[in-house]
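Have a look at these structures, which come just after this line.
Note that subunit A is present in both complexes that follow, paired respectively with subunit B and with subunit C.
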Partner chain A sequence: MSQIISIHSFRGGTGKSNLTANLSALLAKAGNRVGVIDTDIQSPGVHVIFALKPSDVKLALNDYLWGRCRIEEAAYDVTAAAIGRFDESAARPRLFLIPSSVNTGEIAQILRGGYDIGKLNDGIHELVSALDLDYLLIDTHPGVNEETLLSIAVSDRLLLVMRPDSQDFQGTAITAELARKLDVREMFIILNKIPAGMDREFLLQQVESAYGAPVLAMLPLSIEMATLASSGLFALRFPDHPLTLELMKIAKRLLS
Partner chain B sequence: MDNSANISDLQSLITKMKSAVAPLRDILNGLHAKYSAVQEGAVATYIPELAKADPNWFAISIVSVDGQVVEVGNHQQLFSIQSVSKPFVFGMALEDHGREHVLTKVSVEPTGEAFNSIVLDERSNRPFNPLVNSGAIATADLVEGRDFPQRVTRLLEMFSRFAGRSVHIDNTVFLSERATGHRNRAMAHLMLNFGMVRDRVEETLELYFQQCSVLVNCHDLAVMGATLANGGVNPFTKERALKAEYVKDLLSIMLSCGMYDYAGEWAYRVGIPAKSGVSGGIVAVVPGKFGIGIFSPLLDPRGNSVRGVRVCQELSQRFGLHAFEAGFTGRTLQDELARK
Partner chain C sequence: MGMPSVQDHAVVLDLLDTATGQPLQTWRFTGQTEIVLGRALDCDVAVASPYVSRAHAYLQNVDGVWQVVAISSQQLLVNERRVALVELFDGCVFRLGPNGCSMRFSRDSQATTAPDSGQTLSIDPNNHPFLQLDRTQLMREVDEIANGDFFQNLSENLQRIRQPRKSGANPD
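Showing the complex of A and B:
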């Protein structure tokens, strides 16, 4: 059974895309076929972490939504960039990225609207079956827009990423409420960028009682992650770092 | 800001997303792919404007009475409504005059004849039913208004209430209908001769040509159907488009006379009140539940959309939509609107 997982945060800067990329690599490394789709059409970014250059992107999610190609034609095999050496003759592991276009004209065209949001649903299902995916991770646009709501509605699991910050606190409540209205099946909170010295136990209780959803991980604010500045996969670069170990816990939960 | 408006905006957004991920979407995509392969039939050519239709256009829209919308294909493509307009104008005549008077002007008997046949029930001095051309012209005669412009305005307002948006007349289609509508003109004058219509016959013919030239898309047809399914109230605007007491009048003639001279077999095989038009549209109604719109301009010899008829047939059989279905045990269309 394949699993569709949306990763969302109400505000930008929570580390959502880095988390998505690292989780996808860990899931692939565990011997799975994994896809990452960037539905953040307005401000795409996750491709950077996989070192996919805009000039190498011939077709993107936008092209599929406008009916110019099949969705699997916009998928790029980034297995080597994500997990290093792997056996190319075996079907697993594999990691595919479906980027959104960074062409300003393309972004503007989508912003003007006029595409059928149902097509995104069809594309997500087609992708899972065409690429025989075990996991599809959806990197969403922060805040609330149609792509985000559709991504949440189509998911089996939703990971809400937030920092221990009052603005994130309020915003996450909004997303959690919307997700419940959309009948999301399973919702988890991931607390990210927790400064050293913060009362973690208090924070955990506060968050779980506020949203009625379990906290899946509490990730420390990491100098190394910040220094990496999205120029690569943290989990690959620092396999024994405490942050990587926490990320592996999340992956393990998703694998179960 | 009006908070209640915001809440209903939010609710409609949630409904939209739930519809977009409903299993019914996969089912309609499947039907669309399956029947796209059907290339039988021909685009109507009796007026030049209709001949311009692309035979590949194909859309299926389903709208539930609680406002869920699932649609695939070219559901935004506009086309002239043609005969699909007829039951709706009949509803307007009923509202203007009441059932008793209307039935003295037009009968509700299926004919088994083609839509444009010049057969009138001379014994009762009425056209057979409001869904053949003669009956539709007699029905248009009953649309009231202080002058011709007001009759047209009222007609458009009625269609707009059903569709939940402001609809317009395609002037090219109208002029084309008017220039080539000799048969309808003859029929109208014949009815005038029998005293079946009032002497404003030229004006009524203009109104009839206008009503056939209203531009709609497949989505509109489904919303109009859903409005009937919802007891006459548009599920989105919540505006009443037809008095509740007359909904059954429209639906019963649609079931018995809605599909031209295929009506008897339609009632038997499909069993859903429906009306087709020569531009390739079909509106179908599952009372209390759904409106269905189908658009594909390839027509069979009787003037019904080939793909439209087949899609309705399959939907009816698979989901137990026949009006006289009893004890259906399979998954229903409602089941397919919620995620499993």
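Showing the complex of A and C:
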């Protein structure tokens, strides 16, 4: 049974793409076929973390949405870059990335012309079956737009990533409320970039009671993560770091 | 009634109960740029703990940012780490020495008429204005999106959207 998981944050800069990439690698490493789809068409970024160069990307999600290719043709096998050596003759683990085009003309075209949002929905399901995925992670655009809402609607689980500040607190509640209206099956909160010295217990209580959803992980503001930002997968580079251990908690919950 | 303070953000320090994390005592300061914490009675925040030094630490405002600086060699503990100085955010908790008491720092945007170093005994466990939801605004924004055509359409087609389609369904 495959699982579709959306990762969303109301505002940018919460560390969502980094978190998505690290989680996908941990899920793959546990022996799964995992796909990451970057629906953040307006400001794609997750490809950087997987060391996928724009020049290597012949076809992207945009090409599929314009009907130029099948969605699986825009999938790139990044298993080696993400988790290192693996047995290529076995079907598992595998990690695929479906990037959005970083070509500004393409981005403008999508923004100007729009596309049939139903096509994205079809693509998500086609991808799961064509690549025989155990997990599909959808890295969504910040804020609430049509892609976000569709991603949430199509997902089995929703991870909301937020920082402990007032704008994130209010904004995340909007997404949580809309997700509830869309009958999302399971919703989790991930608190990221928590400054040292903040009262974690209090924070946990406030967030859980405000959203009525469990907090799956509380990640500290990490200097190491910030330094490594977008230049590799933290969880694999620092397997024993407290931050990685928190990331493992999320992965374990998703694996259960 | 005194004049409203020119500085509309009061500094609030809560002495926390070690067992429950609930505030035992609250101090509120306005218009002060330095606040001394310790065991001595003439401190701005005087706590009755034998493990706290007479003058243990002070808070200072540097260009609008509050930080706490240790005076005592016992230093301060933040997340069980010993530090000599730490910048304070709303909700920060720090301990005065390894065995001392825990304090919670927050900013209160309500103008207060309490005198400087006025000691209040109000217990306010929810004194975190940054973690308050404006429910009225929330429901207004949610309704605005939920009443839109796209959302309505999505809601009506949820069952169809969630059921994986057969691979041959692509008309292309």
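One rule holds in what follows: the second predicted complex is superposed on the first by the 254 of 256 C-alpha atoms of A that agree within 3 Å, B and C clash if a C-alpha of one lies under 4 Å from a C-alpha of the other, contacts with A are read in each partner's own complex, and residues count from 1 in each chain.
To be clear about the criterion, a residue touches a chain if its C-beta (ideal position, glycine included) is under 8 Å from a C-beta of that chain, and two chains touch if they have at least 3 such contacts.
Since we're looking at a predicted model, the values are computed, not measured.
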{"item": "Superposed partners subunit B and subunit C on subunit A - clash or fit", "value": "clash"}
{"item": "Touching partner for A:74 - first (subunit B), second (subunit C), both, neither", "value": "neither"}
{"item": "Touched partner set for A:136, first subunit B, second subunit C, both or neither", "value": "neither"}
{"item": "Partner chain(s) touched by A:166 [first = subunit B, second = subunit C, both, neither]", "value": "second"}
{"item": "Chain touching more of subunit A, residue-wise (subunit B, subunit C)", "value": "C"}
{"item": "Partner chain in contact with A:199 - subunit B first, subunit C second, else both or neither", "value": "second"}
{"item": "Subunit B versus subunit C as contact partner of A:149, first or second or both or neither", "value": "both"}
{"item": "Which superposed partner A:120 touches (first subunit B, second subunit C, both, neither)", "value": "first"}
{"item": "Touched partner set for A:19, first subunit B, second subunit C, both or neither", "value": "neither"}
{"item": "Contacts on subunit A seen with subunit B and repeated with subunit C across the two complexes", "value": "117, 121-122, 125, 146, 149-150, 153-154, 178, 181-183"}
{"item": "Parts of subunit B lying in touch with subunit A, wherever the complex brings them together", "value": "13-14, 16-21, 25-26, 29, 70-72, 339"}
{"item": "Complex interface listing, subunit A residues touching subunit B", "value": "117-118, 120-122, 125, 146, 149-150, 152-154, 178, 181-183"}
{"item": "Residues on subunit C engaged by subunit A in the complex (per definition of touch)", "value": "21, 78-79, 81, 86, 88-89, 91-94, 104, 128-134, 137-139, 141-142, 145-146, 150-151, 154-155, 158, 161-162, 164-165, 167, 169-170, 172"}
{"item": "Complex interface listing, subunit A residues touching subunit C", "value": "67, 70, 117, 121-122, 125-126, 128-130, 144, 146, 149-150, 153-154, 164-166, 169-170, 173-174, 177-178, 181-183, 195-199, 201-203, 206-207, 210"}
